[in-house]
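Common to both upcoming complexes is chain A, partnered first by chain B, then by chain C.
Coming up: the complex of A and B.
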């Protein structure tokens, strides 16, 4: 356990030294907050750009606070996932490629600890940044629109987090398999996009797909009721996460650290 | 008593056999050099011993351990090109690997400071490793290999990357460490091996072609040699020298002729008499013994 903590502390320190603890949360704040701001100030923005021609009538119904939050969340599942993949894809492949993994693992360090310490470190960064960013979004939505109940905020935060966790774990797992981080990143994005596409095009058969969590969480926000399939698909997301993590550890153990 | 025993060790990469069955054991407290030309399989062998690479066949048994035990805690390993976390300072890295090796925070810190002192980079302890020079990284590499007082210290080309001063210092350091721990190091610099090692393993094309202590090897390959340098072109004299009864073979090395002879006494008389009669312009005439280099050339040339 103390060895795991040592590895984990090193991860936290590294993320601090390379400023991940600063730029990832800030990016997440900007990503989310832009939604309530741009929705609220849309008329002013249009005016400052020269306004509409005389006589043109466009009626845009003001969005509800929930809709603004959902728009913000959609930023996290697109650009947010991209950022998560970019910050995670090199964690294992980079260290193995540079050779520093061999320096560490020639010491009596357990491979499981080595991989999971990185996984937990990346999770902490993701959940933390997402919390800060989404909280800011919720706050601005509250000021500019209406206050969404904090319990709904936390529920949607949690379920979206599960989906992001799966994306992150896929990336870690692929990072264990490939020496080039670019390859790991590309394939992770491909898998996430594929899951989304398959789920939305075959939605009748994909009721329990992990990719549906976000849809269900949106429903939860809008109606305040828990959709039937939310729990099964969340459970499936958790199971997938664990499988990807185990596969990642397994592959990492089997790979030779030094190749020639 | 042997600390580690290797039997029938083989390694293939994509069907190509790189290590073709090694058998040897390392004796406790001895310093052994793994010698061989580039591509002989030195690094691959060390990587298999350190557990970084799996062997295709064969066994590696560490004294006092059962099959399946983690032998990494007994081993300190320095790869040929050590890599660190560039954002850490030297002392941070040593404390980190120390704690990973099971030392308490306090002990790891003391040990790190001590080792930085020993390898001579204590002044740079707070500097980021990214700013270290190649020689400093090599020293840090040796320090990290020693952090948990391993029973077997394995070093892959520890001095090849260093300047003459650094080389000298590291060799002196190894000389000191020899008393505390068993050392196995690979090198292609034969002088270094000759200087500090008790045991020599010659690796060539993935096979152990020769092994033994320095004295044993000298005895086995004993052959007397006379080196001669002439003022003018040495090729002029080769034929006459070859005709002498005591001369076995001649090789030239730059301007120098190496004459391998049967009986040193008779050969010396014969060659000197010949050069007197023919009035040869000798610049250097030296009777020399076998160096490791000669053994190396002979063994590898086989």
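Coming up: the complex of A and C.
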């Protein structure tokens, strides 16, 4: 355990030195906050551009606070996932390529604690940044529109977090398999997008797909009721996360550590 | 006339500035970047938000 903590601390220290603890949360704040701001100021923006002839009336019904929050959340599942993948894809493959992994693993350090310390570190960064960013989005939505109940906020935060966790774990797992981080990043994005596309096109047959979590969380926000399939799909997401993590550790053990 | 609510916009402008400054500090400190340094300085300063993020993701390769 103390060994794991040392590895974990090294991981956190490295994230400070990379400034990840600064730029990832800031990016997540900016990503989410732009939604309530642009929706609120849209009439003024259109006015100031002055493209409308006299007498033309455009009535845009102001979106509800929940809709604005959902729009903000969709930023996190698109650009947010991209940022998560880009920041985690090099965690294992980069260290293996540079020889750091070999240097650490010649010492009596288990592969499990090596991989899981990196995983927990990346998870902490993701959940923390997502919390800060989403909280800012919620706050701005509350000021500019209406206040969404904090319980709904935390419920949607948790379920969206599960989906982001799966994306992150897929990336770590692939990062253990490939030496080039670009390959790992590309493939994990492909897997996440494929899951989304397949699930949304076959949504009737895939009620329990982890990619549905975000849809269900949106429903939860809009109606305040928990959809029936939310729990099975979250459970499946959790199981998939664990499987990907185990596969990652397993592959990492078998791969040659020294590259070229 | 657009009335600008500075209380709302100021925090966002400030954290954008923090992002920019942190990226620049790191750029000055770091030994080697992925590509010429002066180019990254221009990208960080000129391209709002995306510039610093691109630098952190692509520009800084610490091998």
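Throughout what follows, the second predicted complex is superposed on the first by the 257 of 260 C-alpha atoms of A that agree within 3 Å, B and C clash if a C-alpha of one lies under 4 Å from a C-alpha of the other, contacts with A are read in each partner's own complex, and residues count from 1 in each chain.
Criterion: contacts are C-beta pairs under 8 Å (C-beta built on N, C-alpha and C of every residue); 3 or more make two chains touch, one makes a residue touch a chain.
Predicted model only: the values in this text are computed from it and were never measured.
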With the two complexes overlaid on their shared chain, look at chain A and say whether chain B and chain C clash or fit.
-> fit
Which partner does A:10 contact after superposing on A: first (chain B), second (chain C), both, neither?
-> first
In the superposed arrangement, does A:2 touch chain B (first), chain C (second), both or neither?
-> first
After lining up the shared chain so the two structures overlap, which partner does A:19 touch, if you call chain B first and chain C second: first, second, both or neither?
-> second
Once the structures are superposed on A, label A:204 by its partner contacts, choosing first (chain B), second (chain C), both or neither.
-> neither
Where does A:140 make contact in the superposed view: on chain B (first), on chain C (second), on both, or on neither?
-> second
Thinking of the overlay built on chain A, is A:105 touched by chain B (first), by chain C (second), by both, or by neither?
-> first
Looking at the overlay, does A:151 come into contact with chain B only (first), chain C only (second), both, or neither?
-> neither
So, does A:33 touch the first partner chain B, the second partner chain C, both, or neither?
-> second
Which value, in Å, gives the least CA distance between chain B and chain C in the superposed three-chain arrangement?
-> 7
Going through chain A, the residues touched by chain B and also by chain C turn out to be 18, 98
Can you check the complex and tell me which residues of chain A touch chain C?
-> 18-20, 22-23, 26-27, 29-30, 33, 37, 41, 44, 47-48, 83, 86-87, 94, 97-98, 140, 143-144
Quick one: which bits of chain B touch chain A in the complex? Just the residue numbers, please.
-> 13, 43-44, 47, 50-54, 70, 72-73, 75, 77, 79, 81-85, 87, 96-97, 99-102, 144, 148
Chain A partner, complex, touching residues on chain C are 2, 8-9, 12, 15-16, 18-19, 22-23, 26, 49, 52-53, 56-57, 60, 62-63
Residue positions on chain A within touch of chain B in the complex are 2-3, 6-7, 10, 14, 17-18, 98-100, 102-109, 256-258, 260
